[in-house]
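Two complexes follow with chain A in common, the first pairing it with chain B and the second with chain C.
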Partner chain A sequence: MTNQIQGLSFLFPEAILVFFAIGCCLWGVFTNRSALIGTYALLGVAMSALSLPASFGAGKNLFFGMLTNDPFSAFFRQVILIVAGLAIMISLDYKDLDRADLGEYYFFLLTIAVSLMLAASANNLLMIYISLESISLVSYIMAGYSKRDIFSSEAGMKYFLFGAVSTGMTLYGISLIYGLLGTLSLPAIVGQCSTIMSEPAAGLALLLILVGFGFKCSLVPFHMWTPDVYQGAPTPMAALFSVGSKTVGFAFLLRVFVLTFGKNFESWPLLASMLAIVTMTLGNLTALEQTNLKRLLAYSTIAQAGYIFLGLAIATPMGIKAFLFYLFVYALMNMGAFGAVIIINNSLKSEQLEDYSGFYRRDPLTAVTFAILLLSLAGLPPLAGFLAKFFIIAAAVEAKLTVLAGIVVINSVVAVYYYVRIIKFMFLHEPSGQAAPPGPCRLHLHLVLVITAAANLILGLWPHAILGWITNLLRMG
Partner chain B sequence: MVEFAIYSIGIGACVFAILSVAVRDIFHSAVWLSLTLLCVSGLYFSLNAPFLGVIQVLVYIGGIITLFIFAIKLTARIGDKTIAQTNNQVLISLLASVVFFVFLLSAILRHPWGRLATVKELPLKELGQSLLTNYMLPFEFLSLILLAVMVGAIVIGKVKK
Partner chain C sequence: MFPILSWLVFLPLGGALVVFLLPKKEVGLMRGVALVSSLAVLILSLRLCLGFAQGKTEMQFVEVSPWIPQMNVMYFLGVDGLSVSLVFLTALLGFLACAASGCILHRQKEYFILYQLLMTGMMGTFVALDFFLFYIFWELVLIPMYFLIGIWGGPRREYAAMKFFLYTLAGSVLMLVAIITVYFSATPHSFNMLELRNVTSTLDFPLQIFLFLAFFAAFAIKVPIFPFHTWLPDAHVEAPTPISVILAGVLLKLGAYGFFRIGFPLFPAAAHYFSFALAILGLLNVLYGACVAMAQTDFKKMIAYSSVSHMGFVLLGLAAMNATGFNGALLEMFNHGIITGAMFLLVGMLYDRAHTRDLNQFGGLSGPMPVYAFYLTFCSLASLGLPGLNGFVGEFLSLAGSFASYRILTAISALGLIITAGYFLYMLQRVLFGPIATNPRQYSDLQATEILTLTPLTIIMIVVGFFPIVILQFQETAVQGLLKWLF
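Let's turn to the complex of A and B:
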């Protein structure tokens, strides 16, 4: 029974989130003021974050091995809480939310956060599948949330169809693994998997599992849904999908493919680096011709997923470290960038690139912070995005994979073009048409932009804090 | 004997599943789907899991298919027979599925699955106990998912004022 009681203290942050989620749902019946419910949800995330450090003291294998309390779980849970907090802040000032269903909106947001956190510590294929399915189900609802918007309905439908097929494939793969080994627990699989790895059925099962995880990370060729869903879904949700779901997708990839099957899965480095290269190249090349900002960011997140995935493909300690650092920086960059799209959409009612002309004159603060985030996404020094790419390249060189390093460099150069093009429109072009009055100051959105831009600058100049933290975590495990 | 039953029920399930997506009338689809689910419950019975088989019949055929049929009958125009089931990509998808199927089959047939083939019937008591011990967390987590999905169904289905 001690096992159970320890497990409960581990789940305290999640329990707080569930409590606040249901509170949001109930409160939505009585009020439709976004500020009230949103602030309440934000309070829930803050309290959950405060209780998080205490939960690290719980035992290692919890709930009969369903969850694990390892350094990776600690890292991912913290990233997820930061992302959830930022997502609520940018939702607070998002104008296109349906007033009638606000309580439900924040309920879903917190439910996704709970599912993501449980997914981050899942240590059993059953738990992994259930949390994957739970994230997906709530995401489908959120993508189609703006029912009057035909694009949103399309996004919900597409996400559902693609998602159902790919999670179905993952489930099939998991069932094959169960048939081969008779267990779903990852630590048990580590001990036994060397006996089955030569079987074609095992390779097939792993490929099928990869489909569902790759879908969540929008790796090519499982990326087709990404631009349509990001364009149609409410923007804060697109931000959450692009960071939260991807974080968990990568957590699964790390846990199942690197930590569990890693040593015995000989074709993993080749397979994963091929996928990573295709993903970053296709994402970057397609992003070049986009004129809708949300679609452009969608392709940019595909490209970024490629860089992050490369860290897992290399899978040396240095590669894992680079992978975690990139994921952290990516979360900050992308949440900020989507926040900037919301500000600009609030005042211009457009997501088209040419309508961004002369935005600097209208709202200098947003323009400057957005520019910093874009430059960081492009990977220019002295920003954190540069260091993140640098570590990935360094890990590739250290593992004697110089070809991979070269491909990352070429891709980064291509990517600079489309990121800088947005900056050029904002700063150098004359405003088109009559100059609309500057949008009202959006406290939360501007705060998110300033926080994320400042974090990118600070992490770029003094990365030691985060790097030391990651190194410490890895040493503990 | 058991093997024969499993194979014939399995083939039946596949045929009915294909029919349920291939027919044009959505009501007929629901009927074929119910037959597919019945075959799945037959698989549970022949694999020594009678409890799951009964639950399958009760929940899926008794509950969900009935709900489907109600939804079809209550929704105007959904029974229209003019909805096409295929588009111009049908041939290439068929080709892809067949290739994938052959690939699956060849990988699966090459493995000697005998190792875990002895399936004993699990007493109901043990099943219940495992839901409150080993599988407690997934079991409880599912209730949160069900709540979220229910709220989601209401949000999506609600008529706007």
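Let's turn to the complex of A and C:
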């Protein structure tokens, strides 16, 4: 019983978010002034983040082992709060939201954040499934949030259909595991899984579970929904899906496949590295063809997921370290990039690449920060994206998988082409047609861009703090 | 101690920040800031040359401090005989090209910021002695260069900029894999370029070969070695004049410097194994570059291919694996920077007046432009290897060195000198002599500032031509040290 009371203190950050989410919902009934509700939601995230360190003091296994308070959960919860904060900030200046139901919007946003945080700590397959579903349910609503936009409705529908099938498969896999072992608790499975790995059902179960997680991380071949959903969904939501949901997907993959089945799942390194290679290659090659910026970023996130996943595939301490570092940097890069898409979309009303011609002339700050983020995504020094790729390559080389390292670097050259193509349109081309006056200053958006771009620059040259943090986590875990 | 190398590297970056803070309209002030900062770099580099102790093999002006201790990355700078003349070359061309940047007529603010960023990248590559730091500087060159070609270049600038970017990046990422492999091969893991050679030279032979080839990919594309040269004519032709000067004068040297600093000392066995192949590639560069240059009608493209040809001599000297050859290669690197820098300036000056680079449209310019004719003839003679000017000394030493190792091959390569003389004289004939061009009025002679940018380079051509020892004395000890390590 004391255990459960301790557990409550662990959930304090989540509780704050729930409180603020309900507040948003109620407030939305009375007023629809976006700035107020949004700022209120942001305050909730900030308070939750402040209370987060205190929650690490709770015991390790909480709520009958449903949740765990391990270093990884600490890491992922922190990342999720950062992402949620950035998502709210870019939502504040996103003009295409329905003015009427902003309360709902922020309510759902905070709800996703809560689900993501719970998912990050889930230590039981049932809990994992429930949190996966609760993220998905709200995500389906949010993808189709712009009701009058046909693309948004399509996005919601598509996300739902794909999501329902793949989480269903995951549930089937989980039930097979339960049938084999009689338990769903991950720590219990660690002890017993060596006995069942020879059974064909176990392999099938793991594959089925992989489908659901791979869907969240948009790994190829479970990525089909990604471009359509990112294109149709409100852009802040696309940003949140691309970072928040992926973070959790990767957290699940780490917990279940690396930490739990780990050494007993012998085909994991091969299977995972094949998936990672296919994911990054297909993402990059398809991105080359895109003319719509949101679709291009969608394929870029697929490719990035491939790089991140490679860290898990290698699964050495260095690989996990690279994986965590990449995930952190990726969160910053991608949130910033989607923020830039919103700014540009606000002022140009277009997501077509050629309409970005000469954007540098209209809004130098956005163009320069966006360029920094793109170059970081492309993995060029001295930006953080380079270090992230560097660690992945280093992990591959250290594990004597130099071929994988070669594939990563060749992929990153291909990727440079499409990232630099965006820069080319913004900087090298003259503005086409009548030069619209620069849009009004979007304080929050510009702030997000400046923060993320500066973070990429600083982390690229002085990664000490983050590296030290991750190293400490791994030492504890 | 005064951290002179850090100042050399980061002074341009400081200049870039100052330009960034200036209002857009203050074009004159921006030029002033860039000029002052590059002049300060030039003075510092002279100070560096004067303070350089020539008899020492060790690194000098060393600056070491830990940077990312978790990965054992150091902030480690230093110069020795291999790099000191290149540092001076970079500073000199950096200053002269900055002075010649008057032809940049739009978006000057961005131009001067990117230009100085480029300076930081190049200077850093020559003085970095930590692999991680080296790689960051190496790649830092790419981003400003992409914009400098892509924004201020000729009609096909976007294509040329992207091609340059992707080509060089493709090479350098392979180098990155090699760097990481080398890093893990040492215990404790290290990025120290100097100490790593004790580890890498004891690695298995196949692994050495593999690593050497990965580095080779990066350096060969930068040099450029045939058949990896196709980015060069595009980039050189499309780039604005000052950037062509930097590209040919400094950037190409990064690749050759990489062989001297990394490829050869780290993998001696592979260097011996591949030396004959390198010599053949050098021969191909010399002959192919010269033949293609002969066929050009675009003035700038001709000079670009002449660079390919001249870098072939550097390769021959490098492949010779003896003191004469190494000295020749290093000297040829310096000389080529000086001569080709001057040639690109001259092409730019002509282009500013005629707005064309088609060699067949000029003619008889020695009449209206006697001073220009003098400088063009002078530099062409230096480039084609006239004894008494610097081009001759470098090529002679390279060929003499490689003759000791590969007789027939060198004999064939020497034919390149004849073709070189052929295309330069043919060019002079078409530009300066013959019937006068259609509209002689637009061909005003050189102005004082233009003469001022050319004169230092021509003086160096004469001085090095007669007293090559002024450059050779810097590199002699380092070359001996490298050879002792290789054998």
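Brief remarks follow.
Rule of thumb we're sticking to: the second predicted complex is superposed on the first by the 477 of 477 C-alpha atoms of A that agree within 3 Å, B and C clash if a C-alpha of one lies under 4 Å from a C-alpha of the other, contacts with A are read in each partner's own complex, and residues count from 1 in each chain.
The definition used in the following text is that a residue touches a chain if its C-beta (ideal position, glycine included) is under 8 Å from a C-beta of that chain, and two chains touch if they have at least 3 such contacts.
Fair warning: this is a prediction, and the values are worked out from it, not measured in the lab.
By the touch criterion stated above, A:161 is placed in contact with neither chain B nor chain C.
Of the two partner chains placed by superposition, only chain C is touched by A:428; chain B is not.
Taking chain B and chain C in turn and counting the residues of chain A each one touches, the greater count comes from B.
Once chain A of one complex is fitted onto chain A of the other, the partner contacts of A:375 are limited to chain C, with no touch recorded for chain B.
Residue contacts after overlaying the shared chain place A:420 against chain C, while chain B stays out of touching range. In the superposed model, A:50 lies in contact with neither chain B nor chain C. Once the two complexes are laid over each other on the shared chain, residue contacts for A:409 go to chain C alone; chain B is not touched. In the superposition on chain A, no residue of chain A contacts both chain B and chain C. Interface of chain A with chain B (complex): residues 4, 7, 18, 25, 63-64, 66-67, 100-101, 104, 107-108, 111, 114-115, 118, 126-127, 130-131, 133-134, 137-138, 140-141, 144-145, 147-148, 176, 179-180, 182, 199-201, 203-204.
Listing the residues of chain B that touch chain A in their complex gives 103-104, 106-108, 110-111, 113, 115-116, 133-138, 141-142, 144-145, 148-149, 151-152, 155-156, 158, 160-161. Against chain A, the residues of chain C that register as touching in their complex are 68-71, 135-136, 139-140, 142-143, 146-147, 150-151, 157-158, 161-162, 165-166, 169-170, 173-174, 176-177, 180-181, 183-184.
Across the complex, chain C is touched by residues 375, 380-382, 386, 390, 393-394, 397-398, 402, 405-406, 409-410, 412-413, 416-417, 420-421, 424, 427-428, 462-464, 467-468, 471 of chain A.
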